[in-house]
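Should a chain be cited, it is by its letter among A, B, C, D and E, assigned in written order, with residues numbered from 1 in that chain.
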Amino acid sequence: MLLGRVVGTVVSTRKDPGVHGFKFMLLKRVNPETMEEGPFVVAADAVGVGVDEFVLYATGSAARQTVMTHERPCDAVIMAVVDQWEIAGEQLYEKVNPESGIWDGG
Amino acid sequence: MLLGRVVGTVVSTRKDPGVHGFKFMLLKRVNPETMEEGPFVVAADAVGVGVDEFVLYATGSAARQTVMTHERPCDAVIMAVVDQWEIAGEQLYEKVNPESGIWDGG
Amino acid sequence: MLLGRVVGTVVSTRKDPGVHGFKFMLLKRVNPETMEEGPFVVAADAVGVGVDEFVLYATGSAARQTVMTHERPCDAVIMAVVDQWEIAGEQLYEKVNPESGIWDGG
Amino acid sequence: MLLGRVVGTVVSTRKDPGVHGFKFMLLKRVNPETMEEGPFVVAADAVGVGVDEFVLYATGSAARQTVMTHERPCDAVIMAVVDQWEIAGEQLYEKVNPESGIWDGG
Amino acid sequence: MLLGRVVGTVVSTRKDPGVHGFKFMLLKRVNPETMEEGPFVVAADAVGVGVDEFVLYATGSAARQTVMTHERPCDAVIMAVVDQWEIAGEQLYEKVNPESGIWDGG
């Protein structure tokens, strides 16, 4: 899987029936150490994400292993919203929890 | 999936029976922020596209999940024509609608 | 699929039984606009090609969707000989037809 | 497969049901000759690894061939902890064996 | 498939049961024209190779199409030892045949 940040959306009306109902999100890959952003990818959203959230996405045939994407012409799927990550024991990112107001991410 | 622009066509007579009837389109990957164009790919057309349209294409085994490409030796398929995309809430592209004459893309 | 030019052959005697009878062709990927050549790949030949022909090849699991390569340890197959391609309405390549003697490729 | 070093972890609560129970490890690809580290990848852990261990990971559909990852939306799995490797007959890495205290890696 | 040179081995004791019995070889991709070596990959050995041999390896799901690797978490397999290759009609490599003593490779 790869870490990405949701940056936008793509809308299509004329499309293969297999992807009807899909929400196409525009992601940028993220380097979890430097937060530098890499290439764009368009992924189907299996978990319900919003712009600016950090997510994990799976590519290739793995992208068809969610209920929503099963046997669909889909090669990238967002399958998790990221709460936090750490490298070498140091927490580099923690998602803001709007209920607790806690934020101590990097 | 990746965003691409249809730039041309490829024609072949002598080919594997599995791809008879395919229309091979020549695409260039597109960076949705800068509109810079990347490498070429040849994709089967599952939706009926024309040159200069922006499309989504799926690669790998996903490319065999349309009715047309099922169990065919095909590793890239155009599965959607793009109407519009936005990044960080800003619409960067909108397809011209020839009926309404509206065009406010970037 | 990707456009390639056949540049040579690879011969192997000691090999997995699954690839017995395969003809391994050495390809270079081709940029259809500049004709620059990219990285090498070795592909099984499903259509009967010769050195210097331009071809389409499929990679990944698609490469096992021809009769010859079905369920074989093969990740790249030549599935079409290219007759011509065009970009933005301009024909950049046309295969010489030895019978007609016509050649008006780029 | 590729050689990687485990550098951290990624935590997610809101995710596809198919990846419930997965431990997501953050890896960096490693060049076994120079020990230079390459891009990050997030892999499911099928063997029980710790930070700083060198591992082999498989990507693509191979990542769904462990008991834990079978038919899950997972495109990278750690399937082995590395004890040692050698290049041109020279041992460049050997895992410290805490019981024997032996360490003669590079 | 890609051309590689076998450069070493990787040993693992703690691993997924699916790869028990595998011999993991360390390969470097080889440019067949310049003999320059590219990135490393770790491949299962389906044919019995030795260090310094030139081989063909298949990646992705193709790597599970040998008897040894069937349904295993394996994404790269050596499926052929290379005897010779030629580019543009010129033989650039021929394997030494220890019985005949003939060597006329480049």
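Everything that follows uses one rule, which is that a contact is a pair of C-beta atoms (placed from the backbone, for glycine too) under 8 Å apart; a residue touches a chain by one contact, two chains touch by 3 or more.
From a predicted model like this one, the values you see are computed outputs, not experimental measurements.
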- [ ] Please state the rotation angle, between 0 and 180 degrees and to the nearest 5, that superposes the Cα atoms of chain A on chain C.
- [x] 145
Task: Mean-CA-position distance for chain E and chain A (Å) - done: 36
- [ ] Round to the nearest whole Å and give the separation of the Cα centres of chain D and chain E.
- [x] 22
- [ ] Could you tell me which residues belong to chain E and also touch two or more other chains?
- [x] 59-61, 63
Task: Ring order of chains, beginning at chain D and proceeding to chain E - done: D, E, C, B, A
Open item on the list: Going by the contact rule set out above, which residues of chain C touch chain E in the complex?
Closed with: 7-19, 24, 26, 40-44, 51, 59-61, 63-64, 71-76
Task: Of chain C, residues touching chain B in the complex - done: 1-3, 31-33, 46-48, 56, 58-63, 65-67, 69, 77, 79-89
